Amino acid sequence: MFDIVSFLVSWFPIFSIYAILALCLNMEIGYTGMANFGLVAFYAIGAFVAGYTSMTIFLSFYGYNYPIYSLDAIITMGKIAGRTPWLNISVFILSLILAFLVAGLAGYLVSFPTLRVGPAFLGITILSFGEMLRVFMKHFQPTGGSYGLLGIPHPFAWVSDPLIKNLLFVIVTLVILILVFIYFELLANSPYGRALKSIREDEIASLCLGKPVPRIKAELLFVASGVSGIAGALYVFYLGSVAPDMFVTAVTFEVWSMVILGGRGNNMGAILGALIFSLLNRATAILNFIFLDLLIDPNYIRWMITGILIIIVLMYRPKGILAEKTVKTDAWRIFGEAQRDWDRITAMIQVANRYLKRAFHWLIGRETK
Amino acid sequence: MEVPRELINTTWYTCLYSLMAVPLTLSYRTSKVLNFAHGIYITIGAYIPVFISRGLGISVSPIIAILSSFTAGAILAMVSHLAVFSPLIKRKATPVTLMIASMGLWIFIKYALYAALSILQRSWMTQLTYTNPNIDIPSSISFMGIEINARLLLTILLVIVVFTLLTLFLMKTKTGMAIRAIADNPELAQLTGISREKTLLIAWAISGGIAAIGGFAWSIFAYVSPETGDNLILQVFACSVIGGLVSLSITFIGAIIISSAENLLIILLNRYFGVELSFRPFLSFLILLLTILIRPPAGAGGGLPYRYKITGYISRLLRRREENV
Amino acid sequence: MTNPILEVRNVSKRFGGVEALRDVSLEVKRGSITGLIGPNGSGKSTLFNVITGFYKPDSGSVYFEGRRIDGLNPNEIYNIGIARTFQIPRLFGSLTTLENMMLSPRGQKGESLLRAPLRKAWVNEELQIANEVKNLLKEFNMDGAYRMVASSLSGGHVKMVETSKGILGRAKLILLDEPTAGVHYAVGRSLFEYISYLRKTANLTFFIIEHRIDLLFDYVDYVYVLHMGRLLSQGTPEEVASDPKVIEAYIGGA
Amino acid sequence: MSAQLPRLLVFLVIGLVIGAAASYAYVNSTVSSTINELNSKIAQLQDQIKLLNQTIEYRIGVTLPLTGHLQDVGGQWRTVVDMAFEDLNKEMQKYGIRVKFTPVILDDKTDATQALVNVQTFYQAGIKVVIGPAASSQVKAVKNYADDNKIVIISPSSTAPTLALPGDFIYRTVGSDAGQAKALAALVKSQGVSKVIVFHRNDEYGVAFEKFFEEEFKALGGTSIGIPYDTTLEDYASEVAQLSVRARQEGVEGIVIITFDTDGVNILSHASKDPYLATLKWFSSEGIHGARGLLEDPVASFIQRTNLLGTRPLFKENPLLHDFAARYKAIRGHDPPVFSANLYDAIILAGWAIVRAGTYDGVAISKALVEVARTYYGVSGLTMFDENGDKLFQDYSVWTVKPVDGKYEYADVGSYSGGTITFG
């Protein structure tokens, strides 16, 4: 008795949120060589920004002036969340944008103290930044301090059937995941992506080729942190709640394991890593169902295996399951090689687009150019 | 006369942090591995006396506890070097790769410890998380009419003895000098005929062992849980970063700074600025961030080994705007 | 031909107690091949590092085409037309030869964050550079090597790729730090042949640190000799070779 | 016109298709809803027939913090879970109900996402009743999913006031802290103390408790000063030193600690080294009760010196409780940890609710749970829920640690009712 739809609905959002995080980390560590051990900080910023924005807008739209973390606000939100579909959707989109901007800005600012130091210091600094943020958020009253927020309006709260509501959310996360993936692929397979890889290989040599290394690093932290912020916002809309204690460093390490296992410097690999980990997580839970009273909790064994796998992968297959590929730009065409894997897909989309356009023009009675 | 508790705590924390952070700096300096598994050496060091005293049902003499902690930490560190870091270094792994490997090692040992604890708890019928080892120390000793906390005294003695021995070892013995040589210039050291592998192994053993002694010191100070090392590791990193991950003596000063910030500065901030007590962990991270901002350890950890004007970009933007006007 | 492309004026630099450079002044003439020699630790590499922006001189100044450049960041210095190579070539090990060479041209449109995802914005430039790379590889006789990962190239090829950075980057002045170190004598000679060929055809200026003085002296126009951080001697190769101070420094240093 | 015709035709076809689809969906949904209703009724009847014929096995999900910050108490709760299921199955046998309950225990790492993943896994496996998670932030994380999929969540330890929401699927077998704060305020006042420092966890439990306590204590004419401390630390020596400084400055007569067990024991162990703090009167909430550390020496004698008194949400004369505590002690060798009684009752209630509902369906169980709880008297006393799904009636008793035969033991020395504390 395995209900595939309900499994998809419950598994996919969390998977795709982690996949987005893994993609961000992959851009940072896989392409640029920046050891971001504080990923969770930007994830948290996105989450809080989304929670704060959506609650505030909703309550003020309906003319309530409760503090957004109060019990009244939570109960009110339960009543008003499903009333105005357009507001839900627009607040959702606005929150995603704001989450991107604020988290990105935080990433950009954090890059400053770390521009001159190596990966070890960068790692510790951002790791500390994450912890600092968590302690700070516990005191930050506007987002409820240690209470956190509850009752954040689901973008599809107006759909009465929970299954459809969640399916819609799955579609939204899928679309965002695909968009993020395409954006990062475009970025990676461009002269910019080449510059990123040169920084990873040898910062100094890259600098000597005129690449503004610190600026590129800061830019990349902006983009990757911003996208992690989007992941945080999605997480908040999925859970409907946010609290500072959700964003512990363990989350960062989990995402790291995904990227290492899947393949550094390969966006498909990052997604594959997220896939493996999220499925493994569910699979170990099932072990508990089969063997009811184990001497050692399967979770411990799963983590021990994860630890060993990381080491084995680094030793025998340092590039991960899916190895890194060359930067596919048009330059390869000059040497008679196909430049992009997904060129064919783009071509197909273009053809389809052309036909659709033609059909549309035919329908509305206009001449196609 | 009564000594204020803040000062006692500061002293105690200085001892603990220095015992934990100095070996971290040492291992980073020699092997260029930023070791996330360092926290687990501390935890293991704290658990060894617990295992002995609970397993045998006796109270352990401090000397035996210290030695066994040291041995366990040293063995663990040597095994992690031999099994993980050394093969990776041979494969020309980058510092980031080594850091990730240490993360994997940390995850593995931590959950292996959890698994071991869950078995031991069942077979010994006692709770082993959040516990204290049974160590044979009087609670206080009277010295010339002054009551002194024997555990604090032992910790201070431990710090003095450990660091004296460490200094002597690094300065006077051949192996110690080899360790320093490898830390300062690996290529040159190898040319002079120092066996890199052997020296690194000894350096690892020492750093793991001292970290485990730090764990022991923790176990007589507070309670022990499988998360002990992890919960302390960021503060320990902060101490090491103040030392630039290079200097052992500045790392010690870093331990003093962090412990004073956590025990004294927070009190001042509370009294004069009304900063809540729960901001305590915030302070140590803030200090770490400020250290990196104000005195960036250029070149350390594989960064750019030269000045780079951060303001370059902004000032260029401004200049461009002026030109446009 | 009269105005110098690079001018170093009274540059001093000390590290702690060690005086790496003391009041060094020199000029590199446009279109020339200028040599810089000196025993180990005489400050040659430090001078290169000062010129390319790695170190800020304690006193003195550096001018490039009449513009003061000390204080600029290394990437800015590359972008105004000074390229440098390293003693131990620093190619990007896990990138292919093609990618390594494609990285050299400065100010590529596609290297901006905003333009990178828009293929149209940079595709023409990219194709143009790739063509140039292809021709250059043909010239080097390494047609097939474009696909090879840089860490698997042979020593001579590595030097070629390293030298090509300056050409692709449209540099006006190329600083070469021991271009022939670690390669066979014949390869070194062909490299120097290529350098003088480039000087003639592409109107490039070269400033070269070299230990193989015999090789160097066959090709350079002018030589500076550094010793203990100070300029010891300068002149045409013949003049320098017969300078007793230089001979003494070399014997004393060796 | 003739050129327009095919276009019109296409429009027509598209319109028809959409219209047909919409009407089909509408009709289908109304028809299918009646069919579903019938089906569910049939299934219910079948279930009842099955119930009469054979032993049905129901699985109940339990999500416990076996690793992470609450791992200490989580490990001990595992024993409580085993005990409760054993008792529940024995009861079923005794009443001749052919039902067997088995727990499925998953570790949630004291982490919100993992708690959600666990609840989702339970749901996939057809489990509709979940005991746990422990922390309020975790309960909040699973709330949306539980409400959507009609999974009954019974948390034995979440006391967050922001979760007191009507009409959801979240039940809590532990009383609101507002009640306990009142009892604790009365206790503090009864000891002749009118100015205290409330030293509390900086999480929702601690902050909310402090707020309630301040209100109640003010009503009784006292003043209280709240000092929060961060909860993720390994040690609290610095915090205790600061507490001592503040206590001197403010000239308070007593300290109230709102802690969990590990942090509380740590705080008391440091306080025991401070001579000034030992001169004050100490009070505590239930969070620390049951911790083994309180029975060991520096802390235990400190408690004797300062006459530490605490409140806890239990009726001390309850024989079931004494029986439960004794049995736990026989297994584990120490007193049951905090919220054990609530956890035990949560499981027993869940079991009976399933039996009463007669079907493994969230809505029915939710309804049955409220009904079962109305008449049940368990280890934690009367288990009735209020309209928010939280424990309605709560007795409070006063606990302390006392020396018995050279060892220390927990003892309930008083009780609270109607605003007054009675000792004895």
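For clarity, chains are labelled A, B, C and D in written order, and residue numbers in each chain start from 1.
Note that in this section a contact is a pair of C-beta atoms (placed from the backbone, for glycine too) under 8 Å apart; a residue touches a chain by one contact, two chains touch by 3 or more.
Predicted model only: the values in this text are computed from it and were never measured.
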Inter-chain pair with the most contacting C-beta pairs: A-B
Chain ID, smallest distance between chain and overall C-alpha centroids: A
Centre-of-Cα separation between chain D and chain A, whole angstrom: 32
Chain centre separation (chain B, chain C; CA means) in Å: 44
Between chain D and chain B, distance of the C-alpha-averaged centres to the nearest whole Å: 37
Shared interface positions of chain B, touching two or more other chains: 111, 114, 118, 276, 278-279, 281, 308
Where chain D touches two or more other chains, by residue: 67-68, 202, 230, 232
Where chain A touches two or more other chains, by residue: 135, 138-139, 204, 207, 212-213, 297, 299-300
Chain C to chain A touching residues, read off their complex: 52, 73-76, 78-79, 83-84, 86, 90-96, 98-99, 102-104, 106-113, 115-117, 119, 122-123, 126-127, 129-131, 133-134, 146-147, 165, 169
Of all residues in chain D, those that touch chain A in their complex: 4, 7, 10-11, 59, 66-68, 102-107, 109, 111-113, 116-118, 120-121, 123-126, 135-137, 140-141, 143-145, 148-149, 160-166, 202-204, 206-208, 230, 232
Complex contact set, residues of chain A against chain D: 1-3, 6-7, 10-11, 14, 69-71, 74-75, 78, 134-135, 138-139, 145-148, 150, 154, 162, 165-166, 235, 238-241, 243, 245-246, 248, 250-251, 281-282, 285-286, 288-289, 292, 297, 299-300, 362-363, 365
Chain B residues within the chain D interface of the complex: 2, 4-6, 9, 12-13, 111, 114, 118, 121, 125-127, 129-130, 132, 139, 149, 221-223, 225-228, 231-232, 262-263, 266-267, 270-271, 276-281
In the complex with chain C, residue positions of chain A that touch it: 183, 186-187, 190-195, 197-198, 201-202, 204-213, 216, 219-220, 223, 324, 326-327, 329-335
